[in-house]
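Following are the structures in question.
Presented sequentially are two complexes of chain A, the first with chain B as partner and the second with chain C.
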Partner chain A sequence: MVLSGWESVFFWVFALSALVAGLLTVMARNAVHSALFLISTLVSVAALFVLLGAEFIAGVQILVYVGGVMVLFLFVIMLVNVSAEERGSEELFNRTGQVTAAVCFVALLVFGLFYAVNQSAGSFASNRSEGAGAARLRTAETGVSKISEDTQRVGASLYRYGALPFEIASLLLLVAIVGSVLLARTSKQELVADDVDPRVIPELSAAGELTPAEIEAAARAKAFEV
Partner chain B sequence: MTSTFALFAPPNFLDDLLLRFFGEQTVNYVVWPFIQIGAVITLVAVWALYASYLERKISAFMQARLGPMRVGKWGLLQPIADAVKLLTKEDLVPEKADPYIFRYAPYISVAATFITFSVVPFAPDWGVITDVNIGLLFVLSISSVGVLALILAGWSSNSKYALLGGLRSSAQMVSYEVSMGLSLVGALMFARTLSLSGITTAQASDSVWFIAYQPLAFAIFLISGIAENNRAPFDLPEAESELVAGFHTEYSGMRWSLFFMAEYAAMVVVAGVATTVFLGGWYFPGVYRLAGGSNNLYVFLSLVVFIVKMAVLLYLYFWLRWTFPRYRYDQLMDLGWKWMIPASLLNIVWTAVTIFVLQALDGRLDTVESLNRGVNLTGQGKGVAVFMGFAGLFIAALFLAYLNRHSRDFNLKKQRREIKLVDVPKGAPAVARAAADNA
Partner chain C sequence: MNSPFTPALALLQGGALDNLQQSLQHPDLSKFLIIGALLFSIGVAGVLTRRNIIVIFMSIELILNAANLNFIAFSRYLQEQGSVNAVAGQVFTVFIIVVAAAEAAIGLGLVIALYRNRETIFVDKIDLLKW
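Showing the complex of A and B:
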């Protein structure tokens, strides 16, 4: 990305807003406010992706993080009682450990950033001849701009070179989903919700997951309901 | 009629006028888009105003009533009267509400909906505001941000009904977003691009609407879209009989009406995307010949075609609302996770099979013409694709029936009888038997 004209203006606006919102994320007292600032950071970063010409990543970032992950975060925050933390009057950054950890982490990040910039310093020059690449692209329907081939490139490299890691990652997610469903509901809860096949109940009680008292209590509750 | 003339005003003439004041780049990238954005926002706002009128009139028509008749001819000025009422109402903020989030949630809702219009191609040429590579993904991602507004409104109100409405809406919209996104993939395989203009061009160059290839996906998209908009029969987040008004219980005046504006505008977005992806967008056979070489007339007629197609879908929204009862919450989740998502996954696989068959047959039947603008098919190829598409409906029916053979029935009574053991008396709970065994 070569910064010039409006591009640089947008870059600075979004970079600064990402930084400020990121700071506010850790400084806000209210957990919902924190989540909202995190959303602002993610949106700003998505805008930076657009400036880099990675439209697909920007779209996926908003779809997955803002529309999916953060919505579920908010879902959890709203259900959990966090008022004790909100009312607390402790000052931020008042512990030596906190400050040391933060400084170390920032130092690592800065080091990594400079290393990355140094490594890729040479390759920016070759990217400057974007005019030649843009000429090959299809004209957009508006007639004035070109349409990029970013999505096609991501798809092609993902399925050509990254197919195995891609499949492994999706399998991992599937296992996580099954695991969380298993962890979330105990057989007692299922019994109360009348969601257990009666043929399974003896097995469960033999395995010690359900006590006879629980079964009886559930039965009584249900008999009351019906 | 004035609006019609304004649309007929030749953009070439306007272009010349603008070029006298601005440079060419500014006109192309700044002034024209702003004119288009202004026109779209105005039209959508007017639609949101009159959608409430349409809703009342259509419900009245279906229930053999007259609907609003007092303000203006046939009650045509009723929305204006409503708007004045809403604007002059007191803007209440509950004492224990989170003041900032409570105030800004409606804006998020409206902004998230209106931004999506920027990529919808209403017509060729100057009917497109912007044409980006990720068009469809953009629509999906921005409309998923709209969920946030509902949750935040529900939470910040500090009221139990609003919170319940917000939680319900987030669960519902997150679940239906999945099937909505997946149902579009099949059409994308034929279009070979995410750009909405590109999808329309793929259909226009093949003179076929993707609904012919993808009838199953169209049904899934429409159902998920209605659920995504929280419209009846999926209006659980604002179920009047249980939650007062759901997430906007505590809102009044203009902020309340902003939520409704967003809802009506979101209906247009879903209808617009459905039109673009499945109903051929602005393409209609013969329109080009009818325009007789005049580019502006062609664009205008295409715009009319697009709006008519959208209007049919929007009427469907009202029709469904006043015809079907609301789903129960577990039925809603069942429909989303056990029917819509497996069906949309099956559709992806089936579409891949279709395209594979088309390419395999190409040597013998000459089915694929080119892969330039989407998958261009010859007459025989189209026949095969349409046949496979409609065969997919039956396969999906079989697949879903098999998948859900043990699943909870929508009829709870029947399901209770079936789950219970045979000798347990009718209606007694399943655990009664086990408890009796234990005793």
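Showing the complex of A and C:
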């Protein structure tokens, strides 16, 4: 698999933009900026997917990640209060020991990467010394449109070999929907749905999370149901 | 002679610049893997160093995306090798995206519930279970 010509130009442009935007995602002080940089990383990676001939996955990436997940992230960022970190009164990173551990871990990863590249560089050099050179490099087949064919094959593989995981994935999404709705309820909504232990109700009203009027309304609704 | 850098030294002696230019003009599978590894490292660094739990979630998405990139790159590589079920990598990627979406929904629901109880989203302030 060797890219050449404009394909390699596109590769470097999108690879570098993905890396820079990824770095800025981690470095940005404002969480909204982080989310926007993450969106540009995801779009760049989607462009790399197109370059690799996976148009369907690129479309799914844009629709699901950028259109769904990142919008959810932005909603939550705007719901919770992040102003303290933005103003600079709060530390951006963790304590020194934790940052040191992280840097050591990343250095280990980078060392492993360079070790692996060095190992493969040996075989690359021996290949070159055989005098094969540029003649051996195949250009990718950009002249032929393969979009529909590739997507067709992905779909066939998804439904033929991955039918059971596909169903499990749909179940997982259902559980995620129910779980996130349950997790994000307020105690008032829980009371209306009759999900609160009666022994906890005085505690909650003492903490100010439930007003007596709300407790009465819920009790009246319950009596009406019976 | 068996040091890990021997191949690199051999490369330096035999036209390393030429080689570098060649590999820059014709990126192959290894370049995609390197980009994936770097994205993964950035994500790991974000998870380990940031305090804002939402940014930690975003770093996890970055890690998952690096894995996706590796899957797609190997899928293309196997396609050109003539493997029978080379699109399996793309199918895997679809499932990873599904799991990432479910994880984001659940995780952000947890963040909302946590913020309602503790009034903070900084991970070092959420230490109820710490001894």
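FYI, the second predicted complex is superposed on the first by the 128 of 226 C-alpha atoms of A that agree within 3 Å, B and C clash if a C-alpha of one lies under 4 Å from a C-alpha of the other, contacts with A are read in each partner's own complex, and residues count from 1 in each chain.
As a convention for this text, contacts are C-beta pairs under 8 Å (C-beta built on N, C-alpha and C of every residue); 3 or more make two chains touch, one makes a residue touch a chain.
Given the structure is predicted, the values throughout are model-derived calculations rather than measurements.
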item	value
Which of chain B and chain C A:149 touches, first, second, both or neither	first
Chain B versus chain C as contact partner of A:66, first or second or both or neither	first
Partner chain(s) touched by A:202 [first = chain B, second = chain C, both, neither]	first
First, second, both or neither for A:219, with chain B first and chain C second	first
If touched residues of chain A are counted for chain B and for chain C, the larger one	C
Touching partner for A:78 - first (chain B), second (chain C), both, neither	first
Contact residues of chain A, present in both the chain B and the chain C interface	56, 60, 68, 72, 79, 150
Complex contacts: residues of chain C adjacent to chain A	4-8, 10-11, 14-15, 19, 22-32, 34-35, 37-46, 48-52, 54-55, 57-59, 61-62, 65, 68-69, 72-73, 75-77, 79-80, 85, 87-88, 90-91, 93-95, 97-106, 108-113, 115-116, 119, 121-124
In the complex with chain B, residue positions of chain A that touch it	30, 32-33, 36, 39, 55-56, 58-60, 62-63, 66-68, 70-72, 74-75, 78-79, 140-145, 147-151, 191, 194, 196-199, 201-202, 205, 212, 215-216, 218-219, 222-223, 225-226
Chain B to chain A touching residues, read off their complex	28-29, 98, 101, 121, 124-125, 128-134, 137-138, 140-142, 144-145, 147-148, 151-152, 155-156, 163, 166-167, 170-171, 173-174, 177, 181, 193-195, 197-198, 201, 419-421, 424, 427-435, 437-439
Complex contact set, residues of chain A against chain C	1-4, 8, 11-12, 15, 18-19, 22-23, 25-26, 31, 34-35, 38, 41-42, 45, 48-49, 52-54, 56-57, 60-61, 64-65, 68-69, 72-73, 76-77, 79-82, 85, 90-95, 98-99, 101-103, 105-106, 109-110, 113, 115, 117-122, 124-125, 128-129, 134, 137, 150, 153-154, 157-158, 161-162, 165, 169, 172-173, 175-177, 179-184, 186
